[in-house]
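Have a look at this one.
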């Protein structure tokens, strides 16, 4: 048993497990910001007065939501990077990190948009009517009255999207980013003797990251809930 | 029917298990022939996704590995329609042999001491080496030492990628992709300057219709990979397979197979090491 | 809130402005598309041969259809498995026994937190070592088991929240007519909760179908893997991947659409809410 444990411990000196997890966390952080911004714009489009805007927003969500994330990432690297030769950073590896963040943002923005829209649905019609009654036009009404309330109502689905995003960073290996799932594959390949421990380490790592996010969103959604 | 109920449950469980297994693809059919030579079929493991070596197109199987496998099987007394092809991805090869799921494996399978501990090998029937694929008009990359500051592509988690990481880290920009075809697409657009893996695999990729004439294999292999025929450890076929390989080399069929499967790739195998003489059987 | 109260119906001036902006936007997109196509043309990606090959009998018969069949096979088994797993553990979480509740909660929370891809890789490399299944079937089983554990846990949550979201009166009425708590659960609450969660369930199937695409990483010959194989052999992987993406989109759109229809159809058969907790609300999605 202690042999097994020391074998297992040697993994950490052989492979940079924490470093790989750190890559996933960074991916999560930047993609969370990216998808939040893009998702909010999409949500705004979906409730906007112009029919064309609504159509574009709806089209984006339908298209992206029904495409596997792996395909989106492969397209970005194989299509945009290699065919259109667009580069975001002079540092070779950094460039793929940026691509992975963009891919994750594009994909999760669709879910963020839907989350915000469900939040908008929790805002009573009277709020919008009141906003219009005092003479606010669409954008100020959305910015000052609707969105602040909608975001509060959307905390739970937004939190779930964040959790999904955290886990989906494991797919970034498709964009040539060395993160934990790629490392896990290598570790199992070369150290099959400690396969169970490797899996449990990676799995528990995600549990440790994901569960606090879940608890935080539950707490936030209760704290920020609008009494109606 | 005193035991009626448990029996029914057991039967149900068995049926379910059978149905479930059946969904996994019928690779285990024809298991009765696993014994001696001249039975009604032989199960051969190949790659399905490696153009030029082992490639499945509907019911047609093509590539150098496939051609050698057909020749050897024929020498062992199996006609082409007695061959049952099974896909054997790299990670599964040892297990498929030790579980007796296949009789022979021809799948860019390098003979290594570590693998010899769990499986047997006949051959080698080809000696490959890690090399570089570059575009036809490239003249400044002649070997791994010319890669400094260049972009290189290989497959995620492959030994070729690992080798570059270990020996040329810091000087080479390595992109890791899901498959070699992705790498070749990048090479075609200039996103990367070279693709690396075993020379004959590169040749096979460059020989596909759409790529023919666009790329060349540098021809300066920097590792030595002896492709062997994987057989179960207790198999008694090693000598017969070696004889078949020797015969194939002697009568020119081997040369024809290499040429046919790498046409258009501007490729010449390493003549110091090829055609190889099979190792003595244990 | 209906979005129509957010703004006044556009007047003539707003309509004109919108129209002008639309035209500008379309022109911008068209210009961008033209630049992209120009670039792709330079790279030789627009050669007719690379595209026409997508619509041949060989492409579909030898690669895409077999791949699609594998995808659907894995998805179908995973759907059945996850529904069973979900019911079992969902009910476990509603049980009166605290120990059973605790165990089910831990299991469900654990598998919801672990990425599907990580589970697939583990079972792929792990199963091969146990010798329980034929080596050539390990990718298949790894895909199925990983999908069942993850999606089953999500469905377990759906079952639990479905029961909780029913109006309190339903349970009280059951108890009032003399049913025991477990009888109330079985004959009053569960049937309504299940009906209410059907649309969410269908949305979850989209997730399962999309996640089978991760199988290509562990060599399961599903649609994406077949498309890659075809592209490797013909040297047009960009085009074949695009085709695979379109096939995925079409199937998933049909499923999403039916989820919406189903929820309207079922809304009068339960006192629960049938609106699909769209995937965002359940966080149920990966790859």
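Brief remarks follow.
Labels A, B and C are assigned to the chains in the order they are written; within every chain, residues are numbered from 1.
Here is the rule we use: contacts are C-beta pairs under 8 Å (C-beta built on N, C-alpha and C of every residue); 3 or more make two chains touch, one makes a residue touch a chain.
Everything quoted here is computed from the prediction, not taken from an experiment.
Note on interfaces B-C and A-B: more C-beta pairs are in contact across B-C. Taking the mean of each chain's C-alpha atoms, the chain closest to the overall C-alpha centroid is C.
Chain centres were defined as the mean of their Cα atoms; on that basis the chain farthest from chain B turns out to be A.
Chain C has its Cα centroid 16 Å from the Cα centroid of chain A. Separating the CA-averaged centres of chain B and chain C is a span of 35 Å. Between chain A and chain B the centroid-to-centroid distance comes to 38 Å (mean Cα coordinates, whole Å).
Along chain C, residues 43, 125, 129, 216-217, 237-238 each make contact with two or more other chains. Touching two or more other chains at once are residues 91, 178, 182, 185, 189 of chain B. Residues of chain A found to touch two or more other chains are 74, 78, 83, 85, 173-174, 185, 189.
Interface residues of chain C, counted against chain A in their complex, comprise 1-3, 5-8, 10, 14, 18, 21-22, 25, 36, 39-40, 43, 45, 109-110, 112-119, 121-122, 125-126, 129, 206, 210-211, 213-214, 216-217, 224, 237-238, 241-242, 244-245, 248-249, 252-253, 256, 278-287.
Listing the residues of chain B that touch chain A in their complex gives 91, 151, 156-157, 173, 175-178, 182, 185-186, 189-192.
For chain B in complex with chain C, the residues that touch the partner chain are 20-21, 23-25, 27-28, 48-51, 55-58, 86-89, 91-92, 95-96, 99, 101, 178-182, 184-185, 188-189, 205, 208-211.
Of all residues in chain C, those touching chain B in their complex are 43-44, 49-50, 58, 61-63, 70, 73, 77, 124-125, 128-129, 131, 133-141, 216-217, 219, 221, 225, 228-229, 231-238.
Residue ranges of chain A in contact with chain C, taken from their complex: 46-50, 52, 62-63, 65-71, 74-75, 78-79, 83-85, 111-112, 114-115, 118, 120-125, 127-129, 132, 137-138, 141-142, 146, 156-161, 163-164, 167-168, 170-171, 173-174, 180-181, 184-185, 188-189, 192, 195-196, 199, 202-203, 206-207, 210-211.
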